[in-house]
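These notes are about the structure you will find just below.
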Amino acid sequence: MIPRYTRPEMARIWEPENRFRIWFEIEAHACDAQAELGVIPKHAAEAVWERGKWEVERIDEIERETRHDVIAFLTNLAEHVGHEARFVHQGMTSSDVLDTCLAVQLKQAGDLLIQDLDGLLAALKRRAYEHKHTVTIGRSHGIHAEPTTFGLKLAGHYAAFARARARLVAARDEVATCAISGAVGTFANIDPHVEAHVAAKLGLTVEPHSTQVIPRDRHAQFFAVLGVIASSLENLAVEIRHLQRTEVREAEEYFHPGQKGSSAMPHKRNPVLSENLTGLARIVRGYVVPAMENVALWHERDISHSSVERMIGPDATVTLDFALARATGMIEKLVVYPERMQKNLDDLGGLVFSQRVLLALTQAGMSRENAYLAVQRNAMQVWRHGGSFLDLLAADHDVVQHISRDELAPMFNMAYHTKHVDTIFRRVFGEG
Amino acid sequence: MIPRYTRPEMARIWEPENRFRIWFEIEAHACDAQAELGVIPKHAAEAVWERGKWEVERIDEIERETRHDVIAFLTNLAEHVGHEARFVHQGMTSSDVLDTCLAVQLKQAGDLLIQDLDGLLAALKRRAYEHKHTVTIGRSHGIHAEPTTFGLKLAGHYAAFARARARLVAARDEVATCAISGAVGTFANIDPHVEAHVAAKLGLTVEPHSTQVIPRDRHAQFFAVLGVIASSLENLAVEIRHLQRTEVREAEEYFHPGQKGSSAMPHKRNPVLSENLTGLARIVRGYVVPAMENVALWHERDISHSSVERMIGPDATVTLDFALARATGMIEKLVVYPERMQKNLDDLGGLVFSQRVLLALTQAGMSRENAYLAVQRNAMQVWRHGGSFLDLLAADHDVVQHISRDELAPMFNMAYHTKHVDTIFRRVFGEG
Amino acid sequence: MIPRYTRPEMARIWEPENRFRIWFEIEAHACDAQAELGVIPKHAAEAVWERGKWEVERIDEIERETRHDVIAFLTNLAEHVGHEARFVHQGMTSSDVLDTCLAVQLKQAGDLLIQDLDGLLAALKRRAYEHKHTVTIGRSHGIHAEPTTFGLKLAGHYAAFARARARLVAARDEVATCAISGAVGTFANIDPHVEAHVAAKLGLTVEPHSTQVIPRDRHAQFFAVLGVIASSLENLAVEIRHLQRTEVREAEEYFHPGQKGSSAMPHKRNPVLSENLTGLARIVRGYVVPAMENVALWHERDISHSSVERMIGPDATVTLDFALARATGMIEKLVVYPERMQKNLDDLGGLVFSQRVLLALTQAGMSRENAYLAVQRNAMQVWRHGGSFLDLLAADHDVVQHISRDELAPMFNMAYHTKHVDTIFRRVFGEG
Amino acid sequence: MIPRYTRPEMARIWEPENRFRIWFEIEAHACDAQAELGVIPKHAAEAVWERGKWEVERIDEIERETRHDVIAFLTNLAEHVGHEARFVHQGMTSSDVLDTCLAVQLKQAGDLLIQDLDGLLAALKRRAYEHKHTVTIGRSHGIHAEPTTFGLKLAGHYAAFARARARLVAARDEVATCAISGAVGTFANIDPHVEAHVAAKLGLTVEPHSTQVIPRDRHAQFFAVLGVIASSLENLAVEIRHLQRTEVREAEEYFHPGQKGSSAMPHKRNPVLSENLTGLARIVRGYVVPAMENVALWHERDISHSSVERMIGPDATVTLDFALARATGMIEKLVVYPERMQKNLDDLGGLVFSQRVLLALTQAGMSRENAYLAVQRNAMQVWRHGGSFLDLLAADHDVVQHISRDELAPMFNMAYHTKHVDTIFRRVFGEG
């Protein structure tokens, strides 16, 4: 979490102000529930809401003495609430506060990331429709394969981020549980009603089984999902980087006036956004295994997970938030060059239609093996020396025995490859 | 995937026989659909079903020449089907076969792992109910905290694996898609009807957008979920390892007659199953990041994912299958020592009731700070020098000013800590 | 890199002030070399040293416009240097500055970490000698095995960190190279002499082959070594956590007066330092794979590595620095309880001598198999029901046929197990 | 470790035959040393060497009963050696055998990998010299930067693998230690002389401090180094993949006669070897973190590391061995297209000389800022609309005020960029 890759809204979730605000709400709602149960006086709960205040600096000061953050907070809170403060935190442990707070923070972070995904989905959809029929070469192994459209490319990324969104919704809901169950989760000193009350007030579900802590497989799943989303972002970024490379140049990241590509080479226009996204994906993936290592705590809990979460909680969510926003901007402003796409398509002299010819030859009665050899023979000729694939085929004795030039010519036709674009768009976007 | 950690049922999924069987079904069902569409003759489709055969060794032989596995399979198939074989694989690419096959295999593996989880869940539930009221000390940071029950411990692991099951069902469904869309996913040479037909026959859903390959975020999510499950297994294993250590000895893995703990020290009884599970968890987690790195393929696809999947597909599922079965056996036969649990509970002279005393003192009007100091003062005395916590408290001037010995004594009571066991069992198992 | 786990000296390496200071030195030394070569005027080089200044805020301001940090720095520098500034950065690229700067920073960080290791080694050595002869039980699989000494335990960790130090020295030297080779590393616009001059001035070696960037396998190796060191720290931390658990209590982290172990349970004394180290180790390990993914840049370079390094450069070094310092303090102040060690040793009624008896029986002519069975039979009796292993053996018909009670008794002797402590200390510390 | 990615020589190291052979040698050499010390009779040691035999199937059979591999081996060995067998393994633990054996295996594997690296280095060097002066465009960010030579590209990879070799030699030596120190490493039941003797016979160094096991940071470092080497392989593979892509086509993997690129598209020639290497690198990297997690064993040892090593020991070394051999073959047979390199170089109309013009303008008195703007202005024109960069510059009023066309023309010259090739080759290869 460094300023360069941080947006304020996500950063705020992890700032002390937000954390202490959530801590306060947990404690104050718990007091309400305890008062309802008659465990503490009603006026004590009211006093907490009325006089409850805290100061980040003062908490830090007390923590330096007590070496315990929740006790420091409660001490500072007591300085404002006064005598009734002794009813605060009754029967609770620090983890009741800390883990429920983390659940709220991850829920807030999850909500923001879902918003980010919605932004990216909207951008991808708009550009996909814009280029629904912009023909371009599809490549497997980096080698020209058959035509597709640029809109189809973007639709594929849209589908990936729609899956990402569904996974994130599930992971957010899984991590958003409230535990107020006491020292080892037995509710010995606190009634389960308190937990239910606080959960409802904070928009969380009740953790069915906690052991002082909320079980960490929930968090591991959350960070794993962020890692998968980051990987889908990398996939999008790698596509853009390829399209922008000098020999391809079918699309380019928007270049701001005043921007300098290179201090040394004034002609450079580099895909720095998508390269950056590639790196950010590595970072977010790097947090997945530590989050999984956090699951195996000793007995009812140990605190080894805490330092990991203090770092990856902010780092993973802030970095992914930044990356999603950056990807959205990149897609929104992406400069697309349909004429370069056409030029690259034409560059292989019609080779991209080789499969269609192959199929036609087998349909016309040639064995698959012989058809393959005939097509490959002529294809390799074009690949190595250029020229027109159609012309070569039409001059090949074995080929024309089965299909005439007049039958071959109409096979070299883009529309053949784009005839199902509507079908796929309908599948991806739920509309044509 | 080494024999020592392999069970035959899961291994079979990854053997050539199963793979070629699936390939054949994909091709044969595709022929049916093509025949329906009139693209190939009906009798050709029938011939494939009737005469379709293959031999693993022959395929290997052909592959050594062609260096292409699907072509080798088709060539061998053609040797049996004869002339009609030229209608097989029409308009399809190898990936249509390979990726759909992988989807079937991962679905089969997922089904088996779900069965494994059901077995583990059943074992955990049975033992949890058996020890629902077996009191034992709960520990945080490895330090005695407050009493809980052994049944509650197991219930927590049950809840974790119930979550694991839900995640795995989702991940399995996500990865079980069928793609038969041609060279770059445009259906240029094959009608989407074929895909729909094959999907339905194989129990898969249709991949809405493929690009020769099924997008790899689906697979990354699948392997990530396996990594989280492995981490939950490690959590269970670490618990058993702790319980079995000499100073604790509250539970032990079953020791077979004839088993030797150590070649050098005949007295040793080691928790080797749970230690082994700890290692297997590391292995399964190690496959998560490679699976995520597989997502960012170049353009419509490259084949870098393939070698990764050839290894982690079998390795991750076989290892997790073995680990789940081992964990199930370990839990089923776990030897539990309630009397040791009681002895360990008693060992701290009543310190485990410190929180209850603290709360009572604040209820009786002492400030939280002073109550904490009074309780801690006496607790540290017991911790260092042994003795009865109750006796010390009853001799503490500050304490007895607020609570008499007669009021203190009933606070040292296990039932206080187990009163909500039913509540938690109801939450976890949906029944009391 | 969060304040809680950050020490100022390491943090300073990564602050803008240090970075810009290094940038300036690279540029100014390069000017000297260029002036020597006659490429730029001598007075220009002098002017840079004399008038060279910069302001972090001003650089930030310019960067917001140019979106390029090195250009922003050079522009700000030029504002101070004036007309001669046009001779600065001649023939260089940003990466010449950035990569050489990173090399200096990692060297500085490496130096600091080596100092940290020296501190930890000194603490381990002092405590190892202090407890050279403090007998304690050695445990394999968490099960009592045979006696060892607490000094030997610490000596093992000393040896691990001595290895860590050697690896870090090698990794630091490997990463400390200087590249000033121009746009794609061909020295087209800058003479290799400049690189050699700057390298010598900054205490770096010359990078033999750069491609605008210094190859990233050097950095990957550096971060991998940090990951291995962090794992050795975890090993030490896990040992302390085990020793402090309630049932063992052979050692304890120092507990500050005023420190609170638990807000709810005043009796708790938790091994929070070593638990924290366990978590920090996970974090540092999490940076290893991203650093390795950084190696495969596109062609002569892409900038995907940059965001990764901006985060893990500081995070990995700051976190490991903090962890090493924390471990050192933990070891220095560790409270050791030799009497508990003795008590735990005695707890198994002499079982820890089982191997010696086994060997004596085979020496006395019993087959290994029968000796094993005899020893195991009596050992299991003690394990389950307590009692004296010696008494049981002496009452075993098969045993006493080969060895009498009078021969057995002296085998139950600690000195037998500590006779080679000097040998091992000499190997580890190079002295007795 | 699957047949497809396995070479027999490396696989053999991990087969039972080799393992049992090493076990036998450890035991037999240990007997010699014990006999020298007078601990066992000389004839017993001789009997072991003379009659020592074992059968893999018989060992498996016994292990199914005892569930302990070393005991099973010793039992089988005793069946052949007879009565003297009771002197075998005296004072040793299974780990003395297992860990020393693993050290031998990793040393053997390391030796083989070093051989592989030597093969790759030789291939890279040969091709580097072959194309020392083959001019090609250097690319940063995928964008044409400045000319370099194809030999220089390969020289960079040579330098990376030379570093890899040095790291591997160090890691192999670090992991090649012998421990025969008994149950917890105290030599209670065995004299250190035995360890020294066996170490010398097996070409290992003595482990200064073992605790039944050899410390796992040694192994972690070994596997980390394999991960870094795999990443360097990926770097090489990514370069080849880029060069082979249709729009670049500057180099191609050798295509066997009879090889089929695609079952559907007969024109395809895919860089499948380098794509495969990319995937294999992910796999090898995936083993690094598990190896690091193995370091933190409980107390003197637990056995969690064992299952990890049983899998990653073979998998990592076999996969990397295969990958290095594949890379060597790929480089040896790589088809290089210098004329395509020249064509691509020319494609940008001279833009690649932009930095030289920039420098010349500043040398001629233009401010750096103005020079940058002038060069960028004309460069962007060429980038977008093609044409000759030289012509545009020569028509730019601001430019020609400082440099005439006659002065500009000679700046468009390849030799300027290759003048230091000898220097770099000398640095990398130690010769010109």
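Labels A, B, C and D are assigned to the chains in the order they are written; within every chain, residues are numbered from 1.
Following the convention adopted for this analysis, contacts are C-beta pairs under 8 Å (C-beta built on N, C-alpha and C of every residue); 3 or more make two chains touch, one makes a residue touch a chain.
Everything numeric here is computed off the predicted structure, so don't read it as measured data.
Enquirer: More C-beta contacts across C-D or across B-C?
Expert: C-D
Enquirer: List the centre-to-centre spacing of subunit C and subunit D in whole Å, with centres computed as mean CA coordinates.
Expert: Going by mean C-alpha positions, subunit C sits 24 Å from subunit D.
Enquirer: Using the average of all C-alpha atoms in each chain as its centre, how far is it in Å between subunit B and subunit C?
Expert: 32
Enquirer: For subunit B, which residues are shared contacts with two or more other chains?
Expert: 74, 89, 91, 139-142, 145-146, 182-183, 189, 241-242, 260, 262, 264-265, 270, 272, 275, 278, 285, 289, 293, 298, 302-303, 355
Enquirer: Which label fits the chain touch graph of this model best, line, ring, star, complete or other?
Expert: complete
Enquirer: Considering only the defined contacts, which subunit A positions touch subunit C in the complex?
Expert: Going through subunit A, the ones touching subunit C are 1-2, 4-5, 65-68, 70-71, 74, 89, 91-94, 182-183, 189, 241, 256, 258-260, 262-265, 270, 272, 275-276, 278-280, 282-283, 285-287, 289-290, 293-294, 298, 302-308, 310-312, 314-315, 319.
Enquirer: Mind listing the subunit D positions that touch subunit A in their complex?
Expert: Residues 137, 139-146, 241-242, 244-248, 260-262, 264-272, 275, 289, 293, 344, 347-348, 351-352, 354-355, 358, 372, 375-376, 379-380, 382-383, 389.
Enquirer: Going by the contact rule at the top, pick out the subunit D residues touching subunit C in the complex.
Expert: Against subunit C, the touching part of subunit D is residues 74-75, 78, 85-87, 89-91, 138-142, 145-148, 152-153, 155-156, 159-160, 163-164, 167, 170, 174, 182-189, 192, 206, 208-209, 211-212, 215-218, 220-221, 224-225, 227-228, 230-232, 234-235, 237-239, 242, 278, 281, 285, 288-289, 292-293, 295-303, 355-356, 359, 362, 367-369, 416-421, 423-424, 427-428.
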